[in-house]
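The letters A, B, C, D and E name the chains in turn, as written, and every chain counts its residues from 1.
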Amino acid sequence: MPKHERKKTGLAPGSLVFTGKKHVSEPNVILLQFNENDVLEFEAKDKLVPLKEGSYSIWYDIRGLHNIDLIRQFGDQYDIHPLALEDILNTQQRPKIDEYDNGIFITAQALELKDPKEDLDVEQIAIFFGKDFLLSFQEKEDDNFASVRTRLLAPQARIRRRTPDYLAYALLDSVVDQYYPVLDQVEEEIDDLESIILSDPDNTTKNRIHQLKRKLLTLRKAVVPLREAVSRFSRLDHSMVKEDTLVFLRDLYDHTVQVMDTIDTYRDLLNGLYDLYLSEISYRMNIIMKVLTIISTIFIPLSFLAGIYGMNFKNIPEYNIKYGYFYLWGIMIAIFLASLYFFRKKKWI
Amino acid sequence: MPKHERKKTGLAPGSLVFTGKKHVSEPNVILLQFNENDVLEFEAKDKLVPLKEGSYSIWYDIRGLHNIDLIRQFGDQYDIHPLALEDILNTQQRPKIDEYDNGIFITAQALELKDPKEDLDVEQIAIFFGKDFLLSFQEKEDDNFASVRTRLLAPQARIRRRTPDYLAYALLDSVVDQYYPVLDQVEEEIDDLESIILSDPDNTTKNRIHQLKRKLLTLRKAVVPLREAVSRFSRLDHSMVKEDTLVFLRDLYDHTVQVMDTIDTYRDLLNGLYDLYLSEISYRMNIIMKVLTIISTIFIPLSFLAGIYGMNFKNIPEYNIKYGYFYLWGIMIAIFLASLYFFRKKKWI
Amino acid sequence: MPKHERKKTGLAPGSLVFTGKKHVSEPNVILLQFNENDVLEFEAKDKLVPLKEGSYSIWYDIRGLHNIDLIRQFGDQYDIHPLALEDILNTQQRPKIDEYDNGIFITAQALELKDPKEDLDVEQIAIFFGKDFLLSFQEKEDDNFASVRTRLLAPQARIRRRTPDYLAYALLDSVVDQYYPVLDQVEEEIDDLESIILSDPDNTTKNRIHQLKRKLLTLRKAVVPLREAVSRFSRLDHSMVKEDTLVFLRDLYDHTVQVMDTIDTYRDLLNGLYDLYLSEISYRMNIIMKVLTIISTIFIPLSFLAGIYGMNFKNIPEYNIKYGYFYLWGIMIAIFLASLYFFRKKKWI
Amino acid sequence: MPKHERKKTGLAPGSLVFTGKKHVSEPNVILLQFNENDVLEFEAKDKLVPLKEGSYSIWYDIRGLHNIDLIRQFGDQYDIHPLALEDILNTQQRPKIDEYDNGIFITAQALELKDPKEDLDVEQIAIFFGKDFLLSFQEKEDDNFASVRTRLLAPQARIRRRTPDYLAYALLDSVVDQYYPVLDQVEEEIDDLESIILSDPDNTTKNRIHQLKRKLLTLRKAVVPLREAVSRFSRLDHSMVKEDTLVFLRDLYDHTVQVMDTIDTYRDLLNGLYDLYLSEISYRMNIIMKVLTIISTIFIPLSFLAGIYGMNFKNIPEYNIKYGYFYLWGIMIAIFLASLYFFRKKKWI
Amino acid sequence: MPKHERKKTGLAPGSLVFTGKKHVSEPNVILLQFNENDVLEFEAKDKLVPLKEGSYSIWYDIRGLHNIDLIRQFGDQYDIHPLALEDILNTQQRPKIDEYDNGIFITAQALELKDPKEDLDVEQIAIFFGKDFLLSFQEKEDDNFASVRTRLLAPQARIRRRTPDYLAYALLDSVVDQYYPVLDQVEEEIDDLESIILSDPDNTTKNRIHQLKRKLLTLRKAVVPLREAVSRFSRLDHSMVKEDTLVFLRDLYDHTVQVMDTIDTYRDLLNGLYDLYLSEISYRMNIIMKVLTIISTIFIPLSFLAGIYGMNFKNIPEYNIKYGYFYLWGIMIAIFLASLYFFRKKKWI
């Protein structure tokens, strides 16, 4: 669950305050310069100017956001709107896309489920790209974009021939790709819970259902606005988005819709599981009560009879019947059998 | 439930990886060449070039998808977009329709319920058609399109006079037609469950309700996007879709809407059944508790009285009353009758 | 619930197969020829050509659909599109409206609730009208259009001055009018159930709620698509729909919306009734358990005391207390009163 | 709940049948003639012609609808469309607005809650206005428009300077204003129910929740279509609706939206109350069962022990232990304390 | 919950009646006059004319609304539409935006949660701005706009260069910013409730869930219409809204959407908590019943046996068996162990 505690209040819009946790000791800036023929990679902690002149596309990947000065330098260098800069630092941002004259700004949430018992790891990703550059901002040192980087660095990589809009697509695609293993873990947990409920639910079962519901809510909260943002992206009429990137964006949109569908299906399944759990509990209660009722109904009248003949009245004629004790046993066994017959007829035993 | 485990991650979009199960040992390619006068059928395992020149329409039906090279050959031959090729192989695709300049690409899900107790069999169907050809891709050897093939092979078949867009419609129609028997089986199971719940529900009843809910979720997940895709298809303004095919597509759309309505009605019915089950369980609990309460309420006070007169105090005057034992019986019977009257008035018996 | 069993599968679209039940032994064709001055009525079992030449409007009312040849003759005569013909025969059709160049095709569902305990009677109505003719198809011999016929046959009937589009409206209006008595019966049943639940619910109550839910689902399934169809009809821009018919169609649309509202209100009421039933059951359970608990809590400790003084130990000093028995009674009555006070304070009695 | 019993069926659309209850013995027609300088008021039971010539606006307020002839006279005089006339008399009409060439027709429902325990009083209001006249139809003698009348009769009333469209607005506004006290009564009942549920719910509580739900359903059924009608009214492009009336209509629309919001909030609150009631009942059940279980668990084993030493076997060595009776008491007290400790640890006591 | 009691009824629209509570003894009017170079602040209780001539923007902040004359003076001075004036005073207004020729009128609700146990504090904020002035109306003395005022008064404040539309944005932004701490408190309460339910729920737990639901309903009721109003504001085509303010308004819109998302997530979480609570209660009931059933099932048959051998029949052969008492103990222990085994197998212990 996001906390809004560190949300700045009372500041002018566009004021830069980092509202997340400090995940890295020092921000890491990785610069990739590439064109069709060539690719250069630097770790450039504080250097904003590309190392080599020429018609290169530039990708700055900034990991760690607490150094506000660094972010501001990038903002100044690439003329990022103050509100976009603010959104980079405000890490509980709702995924969205904003058009500016000099570039397009996108935020998304990378999700990871390191331990199925734990909450989801949510990390905000921000992307700003213009005609020949792309800036990406990650909260943590872990690289969400490793696969894209690998493809870029490969010899004759086709991705190097493309413009930053395609790179932005590739980065978003790698973010969405990470949702699938999370969904798989959720599904495993659902299947696991189903078999537990059908065999032997205990008191932790409902807590696990509840935890899973929370996870799906977090997922939903990340995916619903991302789907909208990707939908807008894929229909964008902006000079910086090439026609042949749109087909890829539509494919990405299909993926977000599929993730959404799957989340909704899981939610329905989970509600179904909860119903199943509740009816299992009810059913077990029924069985417990049946046992109690059967035992009580059989033995309470018998005990009453035994109590009767434990009385100390002077004049109890049955006491003098020679086989009275045995007759009573007969009566008791008859009552016992009649009770059994009654319960059998009611299908309780 | 689809598994996403084998979903490629970290690959470039358009990379070809088969993510389904291998259902056939060797892919089967069946080629039909037809025009108004003539129809030719071949099993052409690896042959992509039609056997006979002339103004024929061509239908390649590929069954089994694990041979990626074969798929790639078709892709090259008919210039299928890499993303479409990827979707053919990624068998957990959401049903959809994509327009390309050289053709239209459609995926759908064929459903089968071989055994009512089992999960639904989901098989992805992909169709790509252009001006004079149609490629269909099935995961399994079972032919989902047998009825269309039969009609094509019939002498003077009217379908042979039509263009590939109509053939695509016919294939989708045969996929949707297969939903009806599944719905019938679902309905039978619902009726069956209803009569069980009203007569004699047991612990497996709720599991069956749950299984049916899962089936409806799977159905829904296949039909909702198919409906959207067919809706778009029927409103498509594309040179490869003829005006007089549109009326058929609208009819197909009506069918998918009807399937959807039926699924939603079943879902409501199923929720109703679940409520009915729960209230039946509650009702039975009530009866069980009534039996327990009646027996206890009658005999516990009587046993108390018997216990009183089983005490060994020296000075219990009642012991010396001549007919004390009989008087006590009288009191007990009176209490018994009063209890019965009380329960009768409360309508418990 | 509709059965799809007889749904043709594997046939070409437009193939004529009757999928309903055979309700009449022989189809009945009733022909009305009318203009402003004159009206003629014939029972014309197999005659498709009007009896009298002249500028008449023609209304064929066909009752009973199993004679496919007859339907096909009408189809040929009036050039009905094969898909429309197929829909006439496929009696589980979703209500809809289709525009063709030579006419407009409408299907709807007539509903009747002969016995409130039984399921709803659903009968498919199909209407096809052109410039000067209207064909109506009913499944059964019962005439759903009797009121319209009566008005047509009346002297100087204003309806005779109008075109077939108005006649189509009048027929649909008479179908929708039949929904009102069904709704009234549903409402009576709801009121009835409410008073039963508040006074004395038994095990059949929940079944009746369930049956009513099913009925509302069937109603909804008939009305939702009809509302859409009427809405489209009332906004149709087609040479065969006159401007001054549209105001009547909008009125009809208002009626279908009102029926829909009423159904939804009933559904909410029914859900409320189910909640009421469940809480009544819970409440009764509470009362049952209170009785059990009160009786047990009072008498179990008293019985224990009586049991104590029924023991046979040699050395029980209380036995020798002269009024020990009476003292014990005093203690028991004190315990009894304390229990009563406890329960009174808890507001259980 | 509206009854449709008297809904005419089988009549031609536009036939005049009064379907409501006869609330007044004789219809009352009140005529107001006004212009900026002057206002005249008459009770004109059967007089349709205004009393005074000149450039006056005319407002006929008809109370009581069972005199169909009177209604028909007004219809003829002001050329009201037969369908509108029919809607005036069919008092279960859904609130709506219809445009005609010669005027605008509006229906709404006035609501009153005379007694919070009773059902809502629903009264249909119909308004038809043209260039210089307005007809209003009320079912009952009670005047829903008293406040508007008072304002009109006031000297120099600004409302007299306006056209009938503004008068129609004012009448609708006075109808909507009457919803607020109803909402207040509903809210009081909700607050009342909440405090009862939290303190001491009894069996009538759920019935009251249920009654309130019904009331909200009735309210909703009146307000939802009224909101739509007002929305259409406020966007109407009709020569009889002046530009500067539209701002008032938009304000009225805001009010209907606010009423709608409030109703939906109350509905959510009521559902919350029902959940609260159910969990209160469950909680009480838990307490009841705890008492039973505690008493039983303590005393049943003790009674067993007492039973043991009430047996009459010859050879029971404990009988001969001198202080056996006291030892047994010791054991029993130990068991008693152990039970208390067990329950305390389980937090049951 | 808003009360509508003081809602005027029967008055002409636009009549000025203050419907809120009187929160301040005397209304406070604070005037800020500013331009790029200069800023002046006065407390001007009754002064409507700015103190200094020149090209200043003017911001009147009125706190306390019960002095209707004062409000009317402002209305006359700045030509505010009567309906807008009415809305300023009617403090249960739904948040909205209205365009007038001479300005734009906005209402919103400021929320505060002073004590998490208490209800939300709702205060209506109204803003009316024109070309060079802005009027803000607050119900209470507490300043909701303190942060904006501070920024305005700062030397060289950039906000002073902007037009009133930006000032209106800044005020709304500060209102929305106040929602975040409320959401944080709600989230804390949710987390708190979750841990209580999982550890030791008691009877107040459900009341707290219920209170929180009410708070969320109030929040929702304030935010849903505000979101709509901000959405319209950000798309407004009005001479008084500058192009470069729109990007800020879109950002504000994003914030309201995020608040809405968070509220909906909390609602889902809260429903989940309620389910969790209910199943916890059920689970505990199960445990209670198990204890009762186990104790009863073990001891009731044993007590019966003890009762048998407490009978006083003359001829009970077992009495004469030498070690009969010990044999019986053996039997009893065997029954005891068998019961334990039975319960262990059922996994009840």
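Miscellaneous remarks
The rule is short, and it goes like this: contacts are C-beta pairs under 8 Å (C-beta built on N, C-alpha and C of every residue); 3 or more make two chains touch, one makes a residue touch a chain.
Remember, predicted model here, so these are calculated numbers, not experimental data.
Under the touch definition stated at the top, chain A and chain E share no contacting partner at all. Between chain C and chain D, the centres computed from C-alpha atoms are 25 Å apart. Computed centre separation for the pair chain A/chain D is 41 angstrom, with centres defined by C-alpha atoms. Residues of chain D in contact with two or more other chains: 278, 282, 285, 289, 292, 296, 300, 303, 307, 310-312, 316.
Under the stated contact rule, the graph of chain-to-chain touches is a ring, a single cycle where every chain has exactly two partners. Contact ring, oriented from chain B toward chain C: the chain order is B, C, D, E, A.
Residue ranges on chain A touching chain B, taken from their complex, read 146-147, 150-151, 158-159, 170, 173-174, 177-178, 180-181, 183-184, 187, 191, 194, 198, 247-248, 250-251, 254, 257-258, 261-262, 265, 268-269, 272-273, 275-276, 278-280, 282-283, 285-286, 289-290, 292-293, 296-297, 300-301, 303-304, 307-308, 310-317, 347-348. For chain E in complex with chain D, the residues that touch the partner chain are 1-5, 7, 9-13, 81, 83, 92-94, 96, 98, 200, 203, 206-207, 210, 213-214, 217, 221, 224-225, 274, 277-278, 281-282, 284-285, 288-289, 291-292, 295-296, 299-300, 302-303, 306-307, 309-312, 316, 318-320, 322-325, 328.
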